[in-house]
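In the two assemblies presented below, chain A is common to both, partnered first by chain B and then by chain C.
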Partner chain A sequence: MKLGNLIISGIVTGSIYASFAACVALWYRVSNILNLAVGDFAMLGALGVDNLVRVHHWKLAPAIAAMLAAVAVGAYVYDRIVLGLAQDGRTRQEGIVVTFFFTFALSFFIEGIAELLYGTDVHAAPAIWSGQSLSLGGGLHVDRAGVLVVAFAAVVGVTLALVLRGTLQGKAIEACGENFFGARIVGIDNRKYRRLLFIVSALLACVFGILESPITGYTYDSGAAISLTGFIAAAFAGFQKPGKAVVAGLGIGIVEALLGGYVSANYADTILYALLAAAVLIRPGAMGLDVVPE
Partner chain B sequence: MPKSPPFCAIRDVLAGDNINGAYDGAMARSWAPRADAGAEPVRDGASALAISNLSVTYGRVAAVHDVSFEVAEGDCVALIGPNGNGKSSIVMGIAGLVHRRGRVEIFGRPAPADDVSFMPRHGFTLVPERRQLYPQLSVADNIVLGGFSRTRSLRRARASDAHRQALELFPELSDRMKQKAGTLSGGEQQMVAIARGLAADPRILAVDEPCLGLAETVSRRVYDVLRRIHESGRTLLIVEESPVRALQLATRQVEVRNGVVVRA
Partner chain C sequence: MSATTTTTTSGARRLWLGTDRGPVLSTAFVLVAGLIIAGGSANSYFGSVVILALSYAIVTAGMAVQIGFSQQVVFSQSVFMGIGAYGVAVLNANVGWPSLLALVAITIASGGVAWVIGKAVSRASGLALAVATLMFPLIGFGYLSNANWLGGSIGFPLTGTLWPGGTSATANGILTVVIVAVVVFATTRLVASDIGLEMYTLGVSENTAQAMGVRTSRRRLELFILGSVLATLGGAVYAGTQLFVPPTLVQATAELSLLIMLFVGGRRSVLGAVLGAVGIQYFTGISNTISVHILLIEGVLITVVLLIEPDGVAGIVSRLWRRPGPPAAVHRTGRHRRGARAASQARPG
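And then the complex of A and B:
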């Protein structure tokens, strides 16, 4: 029974990691930048909605709509000003600084703003589907918020797979990741896809934060840990395959829950990093660290 | 522009130079002159392609200086010159793939310098040096993406005449459509690159170093395909370091030295 409940809990958090990992991997393919701020958009969604409802007495639906709009505008502005300056000029900047620090800096910036606006206490957006946790029989339980999270993750995953495999736009996104210059030759504007996917990632993260926060609660610095786990899951997939990143995210969620239940939550991160290091050493090719031939 | 007698004579000799007769039937069916060739009239007095004072720089290095030339519709122009003298930069500048100064007009329409989709959308497609395929995508996906400038619908891109004709031009690719493009031989990759270019239904096809790194028999096959594409009514711009083969097909030549046109 304990094992079952831990696995259910792992699937809930794993589905969030999976979705974030898919977003990180997908955006990396298009932009060569790792989105280390994706978790901060989740935190922003959760704390922003909580603030509007609890402090400013907004109704839940307008509060969610307002936060989604604010996050979309913020992501758009960041792309136009910062990412545009880095990548859209006469020379496209690439390398370790661009890959890591352009969104790392954004993560710190969002945390600072959130601390200023929402303080340091733990808060959560009001539950969209409130009530007692659902019984699955045999002593197994799942939070209603958890059901929403898994359902939303499934919808996002299926939609992503359909778009990538079944549409010309999806193949264009793949082409951007395969060959930046080759994509431009057939008229694919990588900048538009970079911008679109950055905004979509931010919005998805925001929705996940709103859905999931009733389970765990968020503080201004909760986003970094979520981003990092998404990053690890994407790393397991070599930052190349969103599908593999989803599997890795789910696996990490379940392993994390089991470690928390049977060992100690304090060791969970350490063990995950050790697994990542081991994977890099044992299968560098699968981690996208080998040279891809023309 | 009428072809000069020496070019015609050499081309006629090459017409029987197909290394594989199996291709002839399919090509003859598919590559009759385009019914819509010239359907969109060139604006009065306008060339298919007019380049004025084109300059391309990479940082502080100037690769192309104030290049000007025109290409008439139906022409086959060979852009020749030694390696590293700016030929590829010229075609990439025309395509809007590198930062450029100067004026580029396609069928009388000025092309913006920072819009990569403008030229393919208005009929100019580049088959670049070293192919620039998507190695982990299938051959079919590589080719269908050529139609991206024409439609955003996968179904329409696959069903287009241009896509069908591009596939029929290379029957040897038919059983490799699901194979990853990166696993093909150099010659097959060149065929995929040309097919991708043709899937955009271009009126002007620019081909940069089409035989780079290819065996002699494969090079002949590539030029045989280019000849048929030209005969179908399309304008060709061929960039070649070694001009012998290009000049056998070309109706005009533009010679580039040190980033400057020395003969047009």
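And then the complex of A and C:
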């Protein structure tokens, strides 16, 4: 029973990591930039909706709509101004520094804004599907918010897979990741796809934050840890294969829950990160990352 | 003095000092400015903030060589800073060693630790290297904040300052400045040497470096050890001057703060990295408004730096200092101007 409940909890957490990993991998394919601010969009969604409902007494649906609109506009403006200047000018910035540091800075900026607007306390968006946790029989339980998270993750995963594999836009997205200039030569507008996917991943993260926050609660700096785990899951897919990233995210979530339940609640995350670091160091090539032969 | 002796002396001097005056001038600047501050106002709040900043400057000087100059992006500096700080604290408080002796011992030992970890880490490059080391601060902070024998989430106090047997802030400050000056000299000299050129090539293109005969894995390992040892030294100085080591020193956000100091100051310049550390730490410590809104300010600052001048303040100063005339003679005639314009229009993007 304990094992079953831990696995259910792991699947819920893993669904979030998996979805964020898919977002990171998808956007990296198009832009060669890692979105390390993806978790911060989730935090903004959770704390923003909570603030509008609890402090400003908005109804839940308009509060969610307003936050989604605000995140979409923010992502669009960031892409037009910052990424536009960095990537679309005459001197296109490339390399490992650009890959990491623009979104690191964005993450800091969003956390700074959230600290200013929402303070440092733990808050959560109101539950969309409120009530007692659901019984699955045999002593197994799952939070209603958890069911929503897994369901939304499944819908997002299937939709992304269908779009990538079955549409012309999906092929264009894959082409952007293969070769930036090659894609442009055949008429693919990389900038359009970069912007579109950045906004889409920000919106997806925002929805996940709203759905998941009733389970864990968020503070202004909660996003970084989620981004990081999503990033690590995406790394196990070489940042290129959203499908593989989803599997890695789910696996990380389940292992994290089992470590917390059976090994040590205090050291669960530490052991998990140590295992992941060991996996990267033992076989970096297996993840499709750069390994230089000597 | 005979001609042979003169030639040998000047040869040895060239070998030690290099052909350009950059290392000597940078070191002299750090030494003079540091000694004026440490000697004159070490007991004031301003002085104490600068001394704290100098312990970070030791770390960022190593990062300038490893991350900025050689483009080997790693996220393990805060962990090695923690090894230095906690190592000195434990040897001082539990074993009874003087902090300075503990600093020397821990710094040397960290070279061995860095070699062992580096053997595994340096097999990876680029993104894999960054991913592999990104988890180190998470592991380190997760362990330290739960390790009761190291003070848990509160931290670990020391009993003795860096300067043996004394409580004088001035003596501690002067010793810190001297350590920073030695680090600045060693790193700027390294960057200006042939090995520095190999490291630079490694950062520009791994394949080109290999084609030129550079043993890339070995250089990556050496860079990892250098960056780690200097981070340990910075942590040891931190412990010896602050007399308290919190686990937040190892946190991922501490690693990001170090990176911001590096980028704002100038990632390809050792002196820029040192001044970046001092500047950021000084403004954070001196103003309550800045320290409250530090995340917001750092986010904007690093974005602006990356967009305007990726080489940071050092890049801006360097550009202003050199102030080049017309870019090249080719622009001087109408035909060449038209050619240059056509070439720039034909460029993709």
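By definition in this document, the second predicted complex is superposed on the first by the 287 of 294 C-alpha atoms of A that agree within 3 Å, B and C clash if a C-alpha of one lies under 4 Å from a C-alpha of the other, contacts with A are read in each partner's own complex, and residues count from 1 in each chain.
Assume a contact is a pair of C-beta atoms (placed from the backbone, for glycine too) under 8 Å apart; a residue touches a chain by one contact, two chains touch by 3 or more.
Model, not experiment: these values are computed from the prediction.
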{"item": "Touched partner set for A:208, first chain B, second chain C, both or neither", "value": "neither"}
{"item": "Touching partner for A:99 - first (chain B), second (chain C), both, neither", "value": "second"}
{"item": "First, second, both or neither for A:181, with chain B first and chain C second", "value": "both"}
{"item": "More chain A residues in contact [chain B versus chain C]", "value": "C"}
{"item": "Touching partner for A:111 - first (chain B), second (chain C), both, neither", "value": "second"}
{"item": "Touched partner set for A:172, first chain B, second chain C, both or neither", "value": "first"}
{"item": "Which superposed partner A:82 touches (first chain B, second chain C, both, neither)", "value": "second"}
{"item": "Partner chain(s) touched by A:189 [first = chain B, second = chain C, both, neither]", "value": "first"}
{"item": "Shared chain A surface residues [contacts with chain B and with chain C]", "value": "90-91, 181, 184, 292, 294"}
{"item": "Chain A to chain B touching residues, read off their complex", "value": "90-91, 166-169, 171-172, 174-175, 178-179, 181-189, 292-294"}
{"item": "Chain B to chain A touching residues, read off their complex", "value": "59, 95, 97, 99, 115-117, 119-121, 125-126, 128, 130-137, 141, 144-149, 151-154, 157, 182, 196, 200"}
{"item": "Chain A to chain C touching residues, read off their complex", "value": "82, 85-86, 88-93, 95-102, 104-113, 115-116, 181, 184, 221, 224, 228, 231-232, 235, 239, 266-267, 269-270, 273-274, 276-277, 280-282, 284, 287, 289-292, 294"}
{"item": "Interfacial residue positions of chain C with respect to chain A in the complex", "value": "71, 73, 120-121, 123-132, 134-136, 138-139, 142-143, 146, 206, 210, 215-217, 252-253, 256, 259, 263, 267, 293-300, 302-303, 306-307, 310, 344, 347-349"}
